[in-house]
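Consider the two complexes below, in which chain A is the common component and chain B and chain C are the respective partners.
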Partner chain A sequence: MDTLLQAFEGGVVTGSVYALIALSLVIVYKSTDVINFAGGDILMASCYIALVLLVGWGAPYWLAALVAILGGFVIGAGFDRLVLERIARRARGQDIMIAAVIATIGLSYVLKGLVRMLGYADEVRSLPAQFPGRPLFLGNVIVLRQDIGIVLAASLAVAALYLFFRFTKLGRGLRATAEDPRAAALIGIPVARMRMVIWGIASALAAIAGLLVAPKILMTPDMGIIVILALAASVLGGFTNIPGVIAGGLLLGILENLIGLFVSTQAIAVAPFLVIMAVLVLRPQGLFAGAARMKKV
Partner chain B sequence: MRAVWIALALAAAGLVFWMPLYVLYVANLLLMYAVLALGLDILVGLAGQFAFAHMAFFGIGVYTTGLLGNRLGVSFPLPMLAGAALAAIVALLIAIPALRLRQVYLALTTFAFAAAAQWVFHSWDAVTEGSNGLRLAATRVLAWRIVDDRDAYPLLLVVALAMVLLRLSLQSSKLGRSMRALHQSEPLALASGIDARRVKIVAFGISGLFAGIAGGMLPLFNSYVHPDTFGLEGLVAILTMIVVGGLGSTFGVLIGVALIGLLPEVMRDLQVLREVVYGGLLILTVMFLPQGVAGAWRPARA
Partner chain C sequence: MTRGGKPTVIRILAVLALIAPLFAAPARAFPDGAPSGKYSDPGITDTEITIGLFGPQSGPLRNFGYDPMWAAAAWYDMVNRYGGIWGRKIKLVTDDDKCDPTTLNTVVRKMVTVDHVFLLNGGSCTPAAVSAQEFVTREKVPFVMLNAAGDKAVFPPTRYVFGAFGGTQLTVGGTLIDFVAKQLHFKRIAYLGNDDDFGAANLAAAKFMAGKREVQLVATERVPANVVDLTAPMLRIRQANPDVVVITAYPQPATLAMQKVSEFGLTMPIVAAVQSVPNPAALFKNVNDPAAFKNFYYGSPLNDLTDGPGQQWVLDMYKRAYPDRTPTAFMSYGVPSAQAVTYALLLAGPNPTRESFVDAMSHLKFETGIMAGPIEFAPDRRDAHNASIFIKYDGTTSTRMPGVYVNEFRGE
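Let's look at the complex of A and B:
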């Protein structure tokens, strides 16, 4: 029973990080129809920005974290402004989507390559925990302070995002752009700038997720592969349904831990792919949505 | 004019045979990549289906061919044909559920399938030797053993030429034109009486067949294979080849294979830059040369 609860605890913690990354993928997908295969690498690059500031320059943690999150924003917004906007102007229809996805794969490689050249990637490192201290015990379940911090910080980020999209003028403009770009343009919303902001916010969100999870996992230039789990979480949530995606992230985190407990740790690696395939083939609208709807052409 | 170019290319291909072994190894690698990339491009460039499972079919080809050669000592080209047939069958089976999905969802499902397949290559120790990698016995052609790259080159050249011809005849066939129509606009293709479902499934199968043949080419000039060969990195390499060369054009894909395939050899001392260069080329090509190098070479066809 205790091991089960412990697995559950671990699942909720990693699951909330997956949910955060998944959210970053989904808000980009909703407003630009692009799946950002570089999402994990933006996360990775932001973590290395923090590492360079902390280790190389001896900056205080809050400053390093702030610059890392801003760095994420700049990478995302800059990629949209410099690359995606140009693609959208040249190609058309389905070809835009293909070209954009190829560009995100390119970005993923460029970021990995650049980080490897930094000189900080030769040895495996880790970021310091934001919430250090002795672990707490709930019955026999060990709960690290960092774990509580991760869940709280992730919840806070989601709540802030919700309030931003719901109540600020910029947030509403962003939602209108995602809903119907042409109508948004007609009522005077600068659609191109909105897309850029969305890319920036989504990438900053990935950076936050990275800073939260980096103390728990080993940092390597290949850590961006975590995006696979976020993709699986997004698929579970139907890719556009935001509460569903958050639930999908948590569910996936828990599922992963249970598989590790009951099947084998080796099987954990393949689980997200099986989830993606099974859900997309059997229930493409996600676990939590109603019946499938046809998208109008 | 065209005949002159083809004659020159064939003469150059013949000359390679007398080059040092290192050159032959690179040539063999490029021939294999050419078949692999032409196959991926049938699905992505011709039929416009954004599918990512190619390396899985390639792996099925490699392991089938390698195991038939290792354990049964069957003579070339039977193991290669068996590998290609199996890869094509698996591709057809994947196509049936995948066809319910479109665009990004198709990309995600096939990507997930490829990753799961790689996991199988890694974990199925009894067959693939898992992460230790599989030693490949020298290929036999009846009584003759292929021991080095010079032996393998003529065989690989013939196989690659046959596949290029197959691809060219596919492009000019009714099936090839249906694929292009599907790529342009699925509703329009349906309206003009094209059975979109059937064309997509066949495109998957033919693409898998190419990947399987490429897989059968690998054991001819390699004595070892590791599951890492079938990962994301390999996919990005062939994707870069077809995107940089020009999607949907046989000539373009071959140019792309030559350019991108030679990069690692040219950049031998600059390995650190490899990822940045690959990624940067992908981004710059989709930004500035949507039709690839082939499209810049001559005006895009209507």
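Let's look at the complex of A and C:
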């Protein structure tokens, strides 16, 4: 029983990080119809920004984290402004989804290449734990303070995002842009700028996820591969359903550990892909979304 | 820092005794064997022999091959300073293969067809090195891999390809179990390895040696290189209640495993493979718990710590050649292949052909003064090295454990 609870605890912690990254993918997808395959690498690049500031410049942690989150914002917003916006302009109303997705894959490689040039990518690195200290014991289950911190910080980030979208003027403008860009433009909302902000916020969210998870999963230029797990969480929850995506992230984290514990360690690697395929075949709208809807084109 | 091993002077003398015949002028050392002036193979004249030397000089895997390649070049330079081989100076044609199969193939083809090298000495990454196997076999060009050590490159053996001077994964897996059984005297072993072909070869040797040494693998967990959470495999290992945990995974999962050792408060000894600990200090920093390193050991194919007395002559050679560079831990790995090429050219006689060179390589056996065990080839053997030493590391001090450990598994 203790082993099962320990696996469950580990799953909740990694699952909350999957949820946070998945959320960054979903808010971009809801607003722009683009799946951001560079989400994991924006996370990775933000972590390396923090690392350079901490190790290279001796900056305090709070400053390194702040700059890393701002860095994530700038990467996302800059990518939309400099690449996606231009692609859209040249497409003159044609569907740019494929071009945009390929551009995100390109961004992913560019970020990996740039990070490798920094000189910090030759070995496995880590960021300091934000919540250090001796582990706590719930019965025989070991709970790290960092784990509690990750779950709380991820929950806070989700809550802050909810409040921002719900109660601020900018948030409402962003939601209007996501729901119907043409109608938003007609009432004077600067759609292009809103999209840029959405990319920035989503990327800052990925950066927060990276800072939380880097002490736990370690840093290499390939750590962005975690985006695949976030995609699986998104599919599991329903790609446009934000509470569903959060639940999907948690469920995937727990599922991975239970499969690893009761089936085989090697099955952990294929579990997310099996989840993606099973959900797409059996319930394409996701486990937590309503009935599938036809999109008007 | 505590260092083990025999005194440096003895090691240097042993190496000098081995290489001394190379440095005698051929007319004096071999009066009847002067070069004939007629050569059937390209890349050789009365005064020169051309070797294609390559490795990753750029790209993400540069660290694996940059220093090894220039260490090999320093060795050849030293041989030239002492007069060359049979009176011929070694001329190097160097290039960057980026550890990429396509690039390596282009480099190899260019070296053979444009630069007309006599033989190839290069490759630090197995997938890239293996990709040249078909070409060198068809063209009958000897290919002595620099420090690529994957099993696929040398199993099954092919005539023209020699390698694994650091030992294959069979060596790594087999020697780990040999060490645990012979030195630590443990019977119940938990094993955490990779889920790829590297891991499969490693585990096959570990299982064989476990049977041979009458110890038991009580848990066998194999994980992907990009795994982000090792809770489940480490829980399974904890449930198995082993005497010792053997880790052969890549650096990232190995670090995650050590973090779990710390988190779960596991107190049994941990023995890690060389590929799991490219930088012990970085591992210690990432785990950030001295208690996890109370009983921590890692393997090495070298004869000593990378800065130990056994490695000093290689470090000195490198420093003499490149005073401004600080070598990485991989540097020494490049020299044994260059030593093998040198000795085989010597054994092939004053008028070597590619075929006589390959025949000489096929019967080569020598002590490098660098690696834990001898370099040894045979007509049916193309993997060079089969031994490891082990180092105890507690976060500040590295201590070489006594003995050299050998793998007895030769594959299916």
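By our rule, the second predicted complex is superposed on the first by the 293 of 297 C-alpha atoms of A that agree within 3 Å, B and C clash if a C-alpha of one lies under 4 Å from a C-alpha of the other, contacts with A are read in each partner's own complex, and residues count from 1 in each chain.
As a working rule, contacts are C-beta pairs under 8 Å (C-beta built on N, C-alpha and C of every residue); 3 or more make two chains touch, one makes a residue touch a chain.
A quick note: this is a predicted structure, and the numbers were derived from the prediction, not measured.
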item	value
Chain B versus chain C as contact partner of A:Ile226, first or second or both or neither	second
Which of chain B and chain C A:Met277 touches, first, second, both or neither	first
First, second, both or neither for A:Ser16, with chain B first and chain C second	neither
Touching partner for A:Ile217 - first (chain B), second (chain C), both, neither	second
Touching partner for A:Arg116 - first (chain B), second (chain C), both, neither	both
Which superposed partner A:Asn36 touches (first chain B, second chain C, both, neither)	neither
Chain B versus chain C as contact partner of A:Gly260, first or second or both or neither	second
Partner chain(s) touched by A:Gln285 [first = chain B, second = chain C, both, neither]	neither
Touching partner for A:Ala269 - first (chain B), second (chain C), both, neither	both
Intersection of chain A interface sets (partners chain B, chain C)	116, 266, 269
Chain A-touching residues of chain B, taken from the complex the two chains share	44, 48, 50, 97-98, 100-101, 103-105, 107-109, 111-113, 115-116, 119, 123, 185, 187, 236, 239, 243, 272-283, 286-287, 290
Contact footprint of chain B on chain A as seen in their complex	29, 33, 35, 83, 86-87, 90-91, 93-95, 97-103, 105-114, 116-117, 228, 231, 235, 266, 269-270, 272-274, 276-277, 280-281, 284, 297
Complex interface listing, chain A residues touching chain C	3, 6-7, 10-11, 14, 116, 121-126, 129, 135, 142, 144, 213, 216-218, 220-222, 225-226, 229, 253, 256-261, 265-266, 268-269
Contacting residues of chain C [partner chain A, same complex]	60, 63, 195, 221-224, 226-229, 231-233, 235-236, 238-239, 251-252, 255-256, 259, 263-265, 278-279, 282-283, 285-286, 288
